[in-house]
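In the two complexes below, subunit A is the common chain; its partner is subunit B in one and subunit C in the other.
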Partner chain A sequence: MNDRILRPSRRHFVGGASLAVLGAPALVRNAFAQSTFNWKRFAGETVNVLYVKNTRADLIMAKSKEFEDRTGIKVSAEAVPEQQQRQKALIEFTSGKPSFDVVALSLHVQKRIAAKGKWLTDLRPMIADGSLTSPEFDFKDFNAAGLTFSTQNDGTLDTLPKFVDYWILYYNKELFAQKGVAYPKTMDEILTAAQKLHDPGKGIAGFVSRGLKNANVPVWTSWLLGQGMETVDKAGNLTTNSPEAIWAAELYKRLNSEVAPPGAIGFNWNECQSTFATGRAAMWLDGIGFAAPLEDATKSRVAGKVGYGIVPAGPKAHHSATFADGMGIPTSCTRKGAAWLYIQWACNKENQLTMLKNGAGSPARNSPLADTETIRASKFGKEWFDTILGSAKIGRPGLPVIVPVTEFRDIFGVALTNMIGGADPKAELAKATEAFKPVLEKSEKA
Partner chain B sequence: MSAGFHKSLMRRLADRAGLWFCIFVLVSPAIFFFLWMISLSLKTEIDNIEWPPIFIPPAPTLANFVQVFAENNFGKYLLNSILVTGGATLAGLMLGIPAGYGLAKMKATKLAGVIMIARMTPALSFLIPLFIAFQWLGLINSIWALVITHLVITVPIIVWVMMGTFEGLPQDLEDAALIDGATLWQSFRLIAVPLARPGIVVATILSFIFSWNNFVFGVVLGGKETRTLPVAVYNVLTFEQLAWGPLAAAAMLVMAPVLIVTIIAQRQIVVGLTAGGLKD
Partner chain C sequence: MSIAAPGVERNYWPFVLPALIVVLGVIVFPWVFTLFMSVHDWNVSGAVTFVGFENFRQLFTDARFYESVLHTLYFTVLAVVLPVGIGLAAALVFHREFKGRGILRGIFIMPMMATPVAVALVWTMMFHPQLGVLNYLLGLVGLPPSTWVYNTKTVIPTLVIVEVWHWTPLVMLIVLGGLANLPTEPYEAAEIDGASSFQKFRHITFPLILPNLMIALILRTIDALKAFDTIYVITQGGPGTASETMNIFLYLQAFAYFKLGYASAVVVIFFTLVIALSLLLLHVRQKTKWNA
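The block that comes next holds the complex of A and B.
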């Protein structure tokens, strides 16, 4: 009590101004605060948070103090690079008693394994509980794409979606204007446009995308979505050697060898980004989160010249490959209340808007995208926001929802890399499908 | 006469040039990427992704180093690394030197092979059992957990290097000591260990370098407060952002202690080799 009087938090001031200082803060808070929700319920506890190192995590970690002031809960958050974070999460969950109370997961990779291992707590009862969830939380604000990723087959909501990543086509407006090329409307037109823009003499490639094994798989699945197909169908069968998959692989092969920069076979997102950022590629297919560095003149030579486009339609369908991150609480966590308050805060409207404003990615909530003021003031321009909105309408998972996602990406990644090296798409896919089938079957049985 | 002298001078010069050429070819891969890293750490991000690449920075900057220190608690990570590597190396030496001596005297090659297995097993397979054990002991996120884990790295190297060293020592010196009334312990402590100093130095350097560079243990078993330098450097990498400059700057800072230790210790090796009673 004394402590509260001596060091009142911002909320006390907002709610009760001077009365709070006069000596009845608890009473005043309940009477005057914006809502009667008690954020201080778990004051004194500590939540340990494990993030993947990226701009989104940096942004939210920088604001930890706001949460600590509001709730009296201490935050101990750390961000680890993606691959190591997945390894760390896997090892700690396997041990049965992870050291963190909140974890950020890549749902496109870890969703099924989290369900099979019963890693995480179902969040639905907590969302329904008025004493644990603030009325301002507004669960209905979360978009369908994010919730589809977060909801398991049995209906459990074991993560709260935080970030939905759509794959888009970045293009260099200057190069397009020079050659008088229009933005492609179909996937086939990407190739014809790239052929017109490809100029090896000047060191300019028509198209760049990931060639490195494992990382390259979403490029191929993006093309496959243009056929209205995913790599694993609803019945759980692989479609990876269907004529449609072969068509997608052929397109992948031609784009990544005929109109690609030299050495594209070893490119991951960072090499693609460097190539595009130095104006050496006319088009680049990758996630939406790269706007910030591309529009930063100290890191990019194409700042102000970048065009953002929705992935063009395929022969049979029009989709954007989608990925998502979510936040969850381990089943064995002993501080679930505090952990839930943290997630609630980290994914609130304001923080989701901050993420969008900084070009750090597209939010899992709808409200930030409806904030026209942000869109007008942003340096990323209307086109970037339109691309998010347009992609959100046609989003579909870019990777199969299975346990062995990493093995899937390794095996098919090698096949795709071989194709860039000259191998026949049909033969490579047949071989990879044969190799992966037993892995998939075993994972479902065990 | 003069022509012959001239000819031999030319020939010597050609020999020299050939030698330097060979040295250049052999050493350049190792030196060049080091120089490239220095170049990266001194350039701005836009110069770092320039094509064709720029080697000499047009406008050298220390901004990358400033950023590394500003954004990371580098001093703390350095201290963590020193504690972990120093602790594991010291403990490794205390266990490894007597163990190497015993194994060498007993000629227990099979037992030595068992120790080698620890070195050959992929580090990842130790992680789950160690993680569970440390959790049980309440050591997760503590420096102790890392020191103990790093013994997996240091002990086998030290035992193997020491075994080789002790096997190479002349038995006569110790026999002489034993005849003069020394106990086995005294003969180990006063005769064998001083003679084995060059071996100890080599073992120390090797285990120091391996432990210093270890990454996986630090990532999984270390927490925010116990992060070691290699892990901290890797954390400069961020998805969706390029940061070659800060990465190179951080890598330079991590490398510095190892370089310094090696340079200092190299002298010790030479001193150790020239002194002592090992000349036949």
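The block that comes next holds the complex of A and C.
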């Protein structure tokens, strides 16, 4: 045994005391957190979690044991492909007794129906309850874009945002440099830049984006946000045949027909990705989450040449279309405490940072985006992080907060596809608006 | 001769009942329930209201539904005629003895063993207008590239290519079965009469294998009418609604828009169409029997 511990010198004593003084606040804070918050409170319970199958779900499900060791709560999680998960959630919520205690929802699609059906528990009382919420939780760390999605019109917070997707403009720096074209500052400049970069002889399109019905609607709404408008106004009226919507549709039509690759009419994000990744498109408008495959030199010919830009400003406003996922607890859940501990853990700073580091999407918390070490070590480059932060400041929902989102996307998606085929934007939007209006009215009355 | 003891009533019900329960539960009940739903405004998340024939009235004024019926018929005609024609030709070729016939026949029937969804995913990649192998092959022979399923005009014929590739082997196998059972006497008589190969085919082979062809035709028609997986995976009914068949339309109404009443009305119409076509084909088949 080292007897110096028992007989400390003055130097050791002073040094030790100094360290103790310096480290005391952190130690006390940590000790306080450990002592006041009991993660084991619901030990022995089981939480059933329903995720959408994606990389984010895979990452968190792989770490379930960490949560089980910390809380003594058993996790039974399943991840179902997106469309089927939405069907399952709807049917189970409608039954009144869903089989899950925690559910991941696509808020850009399911927010309104969740509110209307009173599917989920308001999380605010639990967040305010010190016995249920860890002091490390730090609610203020969640960004405004995510919280806007999670907050219903009546002020309830029925989900905790987990992932916020911002639409950005990917551009091929090499092609831009070759033609001496600058990154567009406005939406109109996207078209003029695309016209300069469009080179069908070499198999290069100036611009690529989704043409496939349903999937294509966020492209159009992105342009409409540039007019400072969404597709449904605050009073719940459709703005889809307004002059601004027609302007956005005309821009959509020109970009997807005049400077697009052949066959863009049927492109979803995957065809757009493969076109851009093979260097056959100069610009691509889509969600932020494609940096990982684009920067993977084994799968992409443009790795290291990809530029990431905030969507340029429109004639009247500057916004980035946003989409978000959140996690909630069913109203009928009988294990709300354990479920809330799970959500807290799943959306904690560490797990949000893991998601970011793995290129699985942009987190709903601010702290991971300020992590300088992550930014320095990331192969996506600082521009990608700057684009997220910049987009977060101007984020606005890319889809209307209504119940029949899928029908909205289908009806207007077909109109947009018809436009690529040559149809008149004004006539198509008028027809689609006429077709969708009764659907919307009926959904709100039901 | 009766096996029951005199004075004892024979009771067959215990033997019939299990099968009857299964048939009622699995076939009759779903149908009755579908009919019941079709006369209701039935949304998964809303109230259920009786609306009489309102769903059918709406359906017959829905331009998208009419369009889906036309797409279904267009797709079905192509996806039946081409595999039956090519399958018949392939059967005639593979019926003859030649070197390597076994291996080639094995290769020819391989597509039939593939899972439709996997097949659809592979073809989707092949159809890519810029990166797909099909346009590369067209380029090699000096032909211009096509936009395949990414074009409203070519999408259905292109989807039929997948069906032809996938299901022609089935037709070939059915016809080969017929060819293997053909009697030799009529051919010997024709030979003596100096008939040409075409005449032998036209007047002996074709009439004798017609019942097999009719079976292939019925199976292909039912398969083509209910085609869903390939179309959904490759185009999801697009571009726009250019390849939206009744099944895709039905799927969207039921599982994307959750209008179960409206979707049930589509099922009733679709079922009527399938029954009508099947009865027609069965009637034709009766006329093609050897002893007819």
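Keep in mind that, in the parts below, the second predicted complex is superposed on the first by the 411 of 446 C-alpha atoms of A that agree within 3 Å, B and C clash if a C-alpha of one lies under 4 Å from a C-alpha of the other, contacts with A are read in each partner's own complex, and residues count from 1 in each chain.
The criterion applied here is as follows: contacts are C-beta pairs under 8 Å (C-beta built on N, C-alpha and C of every residue); 3 or more make two chains touch, one makes a residue touch a chain.
Note that the coordinates shown come from a computational prediction; the quantities given were computed from them, not determined experimentally.
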| item | value |
| --- | --- |
| First, second, both or neither for A:Arg280, with subunit B first and subunit C second | both |
| Which of subunit B and subunit C A:Pro81 touches, first, second, both or neither | first |
| Touched partner set for A:Pro293, first subunit B, second subunit C, both or neither | first |
| Touching partner for A:Gly117 - first (subunit B), second (subunit C), both, neither | second |
| First, second, both or neither for A:Trp269, with subunit B first and subunit C second | first |
| First (subunit B), second (subunit C), both or neither touched by A:Lys316 | neither |
| First, second, both or neither for A:Val52, with subunit B first and subunit C second | first |
| Touched partner set for A:Asp410, first subunit B, second subunit C, both or neither | second |
| Partner chain(s) touched by A:Lys382 [first = subunit B, second = subunit C, both, neither] | neither |
| Subunit B and subunit C footprints on subunit A, overlapping residues | 87, 91, 94, 203, 274, 278, 280 |
| Complex contact set, residues of subunit A against subunit B | 52-55, 58, 76-82, 84, 87-88, 91-92, 94-97, 99, 203, 269-270, 273-274, 277-278, 280, 287, 289-290, 292-293, 298-301, 360 |
| Subunit C-touching residues of subunit A, taken from the complex the two chains share | 83, 87, 90-91, 93-94, 113, 116-117, 203, 211-214, 261-267, 271, 274-275, 278, 280, 403-404, 406-407, 410, 413-414, 417-418, 420-421, 446 |
| Subunit A-facing residues of subunit C, complex | 43-47, 128-131, 145, 147-152, 155, 235-241, 252, 255-258 |
| Residues of subunit B touching subunit A in the complex | 44-46, 49-51, 124, 127-128, 131-132, 135, 140-141, 216, 219-220, 223-224, 234-235, 237-242 |
